[in-house]
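Each chain gets a letter, A, B, C and D, in the order it is written, and its residues are counted from 1.
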Amino acid sequence: MSEAVLVVTDLRKEYGTLVAVDDVSFRVESGRSLAIVGESGSGKTTVARMIIGLERATAGTIRALGRDRSTPARAGGERRRRGAEVQIVFQDPYSSLDPRQTIADAISEVLRLHGGQQTVGELCELVGLDERQSRALPRNLSGGQRQRVAIARALAAEPRVLILDESVAALDVSIQAQVLNLLADIRAETGVSYVLISHDLAVVRQLTDDCVVMQHGRIVERGPTGQVLDHPAEAYTQLLRASVPGPGWKPVRRVRV
Amino acid sequence: MTPLLSIDDLTVQLSVEGDLRTVLHGVSLEISAGEAVGLVGESGSGKSMTARAVSRILPSGAVTFGSISFDGRDVSALRGGALRQYRGEVAMIFQDPRAHTNPVRTIGDFMTEALRTNRGVPGVEARRRAAALLEEVGITEGDRRLRQHPHELSSGMLQRVMIATALLTEPRLLLADEPTTALDVTTQAEVMAILDDLRRERGLALLFITHDLELAGAVCDRTAVMYAGQIVEVQAAGTLHDRPRHPYTAALVAARPRIDAMATRLAAIPGRPLSAFEAPAGCAFATRCLHVQDRCREARPALRPLGDGVVRCIRAEELVGV
Amino acid sequence: MLRFLLRRLAMLVATLLVSSFVIYGSLYLAPGNPIAALTGGRTPSPEAIAILEARYNLDEPFLVRYGLWLKGAVTGDLGVSIPLRQEVSDLITQRAGVTAALVLYASLIILVVGIGLGLLAGLRAGAVDTTVVVVTTISAAFPAFVAAIVLLLVFAVNLGWFPATGEGDGFVDTIRHMTLPAVALGFTSMALVARVTRSSVREELGREHVQTARSRGIPFRLIVRRHVLRNAAIPITTIAGLTIASLIAVAAVVERAFAMNGLGAYLVTAASNKDFAVVQGIALVLVAAFVIMNTVVDLLYALLDPRVKVGSRAQ
Amino acid sequence: MSVPGLRGTGLLGHVCAAVIVLALIVGAVGAWIAPHDPDFVDLDLAYVGPFADHLIGFDGRGRDLLSRLLAGARTSLLGPVAVVAVAVTVGTLLAVAAAWFGGMFDTIVSAALDVLFAFPGILIAIVVAAVFGPSLRSAVLALAVAYTPYIARVLRGSALRERAQLYIAALEVQGLAAVAICVRHLIPNILGLIVAQGAVLFGYAMVDLAAISFLGLGVQTPQADWGVMVSEGRNGVLQGYPLESLAAGLCIVVVVVAVNLLGERLTDRAQRGAR
């Protein structure tokens, strides 16, 4: 077994009486990628927010690269260090960039913060943005281009784990394919591990090695992505799989509320 | 037999900060009574604008050319009572049910408003019919639901309310604009099943707008694909996915990752989807097409019959099977 | 809904308590010696000082005096004006009617004219709209005291239609006397209400649910009544309530300009004379009226908007 | 042609800005460019109309009216500037801190602001005048206190919205310090609204300060001030000599119209800019 870059153990999050995340554990090995699959309210995004320190876990531990990050850091040095371990790309490409900052400025701000060796030019090239686009403001870029910028900015911290929180969900099909290919290339080049938060099983298949399926805050099924999607064992996973339109698919009514 | 809805060479321009921008360019489409037609495209392709033009709710300042006729009547000429009558026969469902219901009115008010106002159905009778339809879309305790406000219902349930509401006036054509895009997959399957069932039971025609080719394929008889404000291809929904005739349709099918297998590399389409006003003079897809030739850029290809459908590509025959 | 009501009432009481403390405390800190004011500058005998201190509770510590004052205030006893040697509550009741009538009259003008103009402009684009916008832009910039002077000049001095000063006796005469002051008082707020009405009507007209109603063939006038006006009523109520509450303070200016014997004008006189008991009393009454008004607006808001749920606050 | 900072406010916005700048210049140097001594009394010249280089005549005590308007611009305009400067600075700091820290801190700040909100500005000014004696400084202080909760409330709302933007979360995850995020990103992104709110408040402050001086609790006679002049001219109005009140009133109205229009356009622009 190779080295684990991210280990989550018995993670729990309560909001008042509501249990949003309950007893969630998983590990991500170096260079491999994990999908957290679920629908709205499954708790998958809350898990991501706890890993990156935007949300405080009620119980449980989170370790990245062998270092504990179970509670959000306060000190500046520690927060920067954690920033260089795990990064995130959000779903909405429109609000994830400061509207007043050019692309180059946004990336170089992060490079300066972490004292990275890469240059703005290299990062832009890595994600397929040209010189002219790097001088533009976010409002002059399309959704797909902005998402490339968000990826470049996350990579500027040289993280070992990149969380993709529905990062391609808001994109048109033709653009989504471009970004998925880009993410595959980046992984091959940098060896970064992805944690993909997604409801889209086809995207999960394309990008990840392993997956966990969440429902009502709990993990209901886990395993290699191909196996879970082809032979789902749990009823919920089967339902999820059966709900995806494909050739020959017909919607069927189930329940009444 | 005349089709129920017939859109002929429809061009729509919107005024954006004083300029007129073309959003639809020469759209032609027919829907027969009881037929379900899918309208598929990426953002900016003009699919929603087509539905808005049919339902006569284009933004103010819009300029339209071409014609839309419903049951032989010219839609653009309808006024007053005739327009209200038409709107009872053509119902519309929107993507975001929450924004499309008045937050301060009850579900009952919302559902029965058209019946009470335009058909003179008494309140009690209208509520009885509403509760019965809620039952049909799978919402029990109809009377209680009718007293609730939209914020008390989940999005999935609210979308079912929208469907029930649309059916309440017994329309002949339903315009559904991405009705399940904002919903979870399992909820989407359920809502689509309800929509499909009720539509078939009533022999209702459907214009189903979506970005999901496979979803359209599952519930529609024919699928039309739009790009840059134009229809580029129409054919039977069942065969479109496996036998696309327009390079854009083919590219769209190929770009989508598959659930049953991982591709080493997705066949991405270079560039980004264009709106009608940005499209080049020749074939609108020429800037992104892998099979483009010089002659594609010379003149805009016409929508021409091919097999059981129509296609807007001069190389369609040569490219079949490529 | 009941919990919301109780919460809101608890907040009201808390705000009133804190306000009363602030009012009493700040005037307690004021420099100057009340004994000197009582004796008019003569040097009093030690016995006299002791008697006066006991009479006016001046020998008690601050918190006790605050407590006594607050206890009195709840039962309607606001103490005694030292320079005038009269009950503060009597001084207030004599004048409260004038201020209340003035604010009420102005509110009526604001609601009728403001909402009327706003609806007109919101529903009729073009010349009507432009006219309303120009008129309200100017009237919004007209301070009450400038409006008062202009109204005095035109309608009292030049045309002689209305009296220039005083409050009047009997209903008709009171209306005659109050009309100019009420218009002056409501001038700015009327414009504000008109503008908010106009913009909320415009905003509601552009909402998606209005589009749904259109797509279902609901006639325009019904859409306006059932969806646009009903929904726009929420922001209009808020702004109208807030701006009417603010009149309670601005009334001082108008009363002064028209030489009316109201609470506000009297508060100013008392402040100039350092008659602290009166300042405390009137300030408390005005703040209470202001806070109660704001609470009423919040409750109305909750009634109008079903989304305001138990426990959540109107933002 | 467009002045940076006024882009998107249209011709009217530029005209309004020009009026305001002109007024502020007069406020700064008015006393020095006055053609006559604004405080020189000659009762024989009371209410005498325009004459020679006395372009708009004399007031009820025979002082040169134009000179008094020019001299009075100082307190009438710089007073509101002081009110706005204090209220906007304190209000912005409170709003951003409340939005950033949230939780208990936000609850306490919001509750305190709610209580303060229960005091109308003019009422605070009257009480402060009773305690410290009437003066411009008391009035400015009172209004700054009264306006702070107003601006803090508005800005807290927009700071909260901005705080919820994902780019802020992204920078937090990167490990950028909170102060740096606020100063470099959050505040610049709500700056348009801060400026617009400042302009709106300036209009209110001008009206309220003048009203307080009108009540005799702000700037004191015989000092020239537009509010004081409207008040002093009241007797003239009743006697048929309305010029002093009207001239001073007109000055106030013109500046307030300009400020309101500009504030409105800046607010529109800030909201449009909010993607």
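Methods note: a residue touches a chain if its C-beta (ideal position, glycine included) is under 8 Å from a C-beta of that chain, and two chains touch if they have at least 3 such contacts.
Given the structure is predicted, the values throughout are model-derived calculations rather than measurements.
Trainee: Please find the path from chain A to chain C through touching chains that uses the fewest steps, and give that number.
Mentor: 2
Trainee: Sort out for me whether C-D or A-D is joined by the greater number of C-beta contact pairs.
Mentor: C-D
Trainee: With centres defined as the mean C-alpha position, give me the chain A-chain D separation in Å.
Mentor: Distance between chain centres, rounded to whole Å: 49 Å.
Trainee: As a quick test, compute the distance in whole Å between the mean CA positions of chain C and chain D.
Mentor: About 21 Å separates the centre of chain C from that of chain D.
Trainee: In angstrom, rounded to a whole number, how far apart do the mean CA points of chain A and chain B lie?
Mentor: Spacing between the chain centres: roughly 32 Å.
Trainee: Averaging over Cα atoms per chain, report the distance between chain B and chain C in Å.
Mentor: Centre separation, chain B to chain C: 54 Å.
Trainee: Please give all chain pairs that are in touch with each other.
Mentor: A-B, A-D, B-C, C-D
Trainee: With touch defined as at the start, can you tell me which chain C residues reach chain D in the complex?
Mentor: 11, 14-15, 18-19, 22-23, 26-27, 29-31, 137-138, 140-146, 149-150, 152-153, 157, 164, 188, 245-246, 248-250, 252-253, 256-257, 267-268, 270-272, 274, 276, 279, 283, 286-287, 290-291, 294, 315
Trainee: Can you list the residues on chain A that touch chain B in the complex?
Mentor: 39-40, 142, 144-145, 172-178, 180-181, 184, 199, 201-203, 205-206, 226, 229-230, 239-247, 249-257
Trainee: If you look only at chain B, which of its residues touch chain A in the complex?
Mentor: Chain B reaches chain A through residues 42-43, 138-140, 157, 184-190, 192-194, 196-197, 211-212, 214-215, 217-219, 241-242, 251-252, 255-263, 265-270, 272-273, 288.
Trainee: Can you name the residues of chain A that touch chain D in the complex?
Mentor: 52-54, 76, 79-84, 86-88, 90, 92, 94-101, 109-110, 113-114, 139, 150, 153-154, 157
Trainee: For the complex, give me every residue of chain C touching chain B.
Mentor: Chain C residues touching chain B: 207-209, 211-219, 222, 226-227, 230-231, 234, 304-307.
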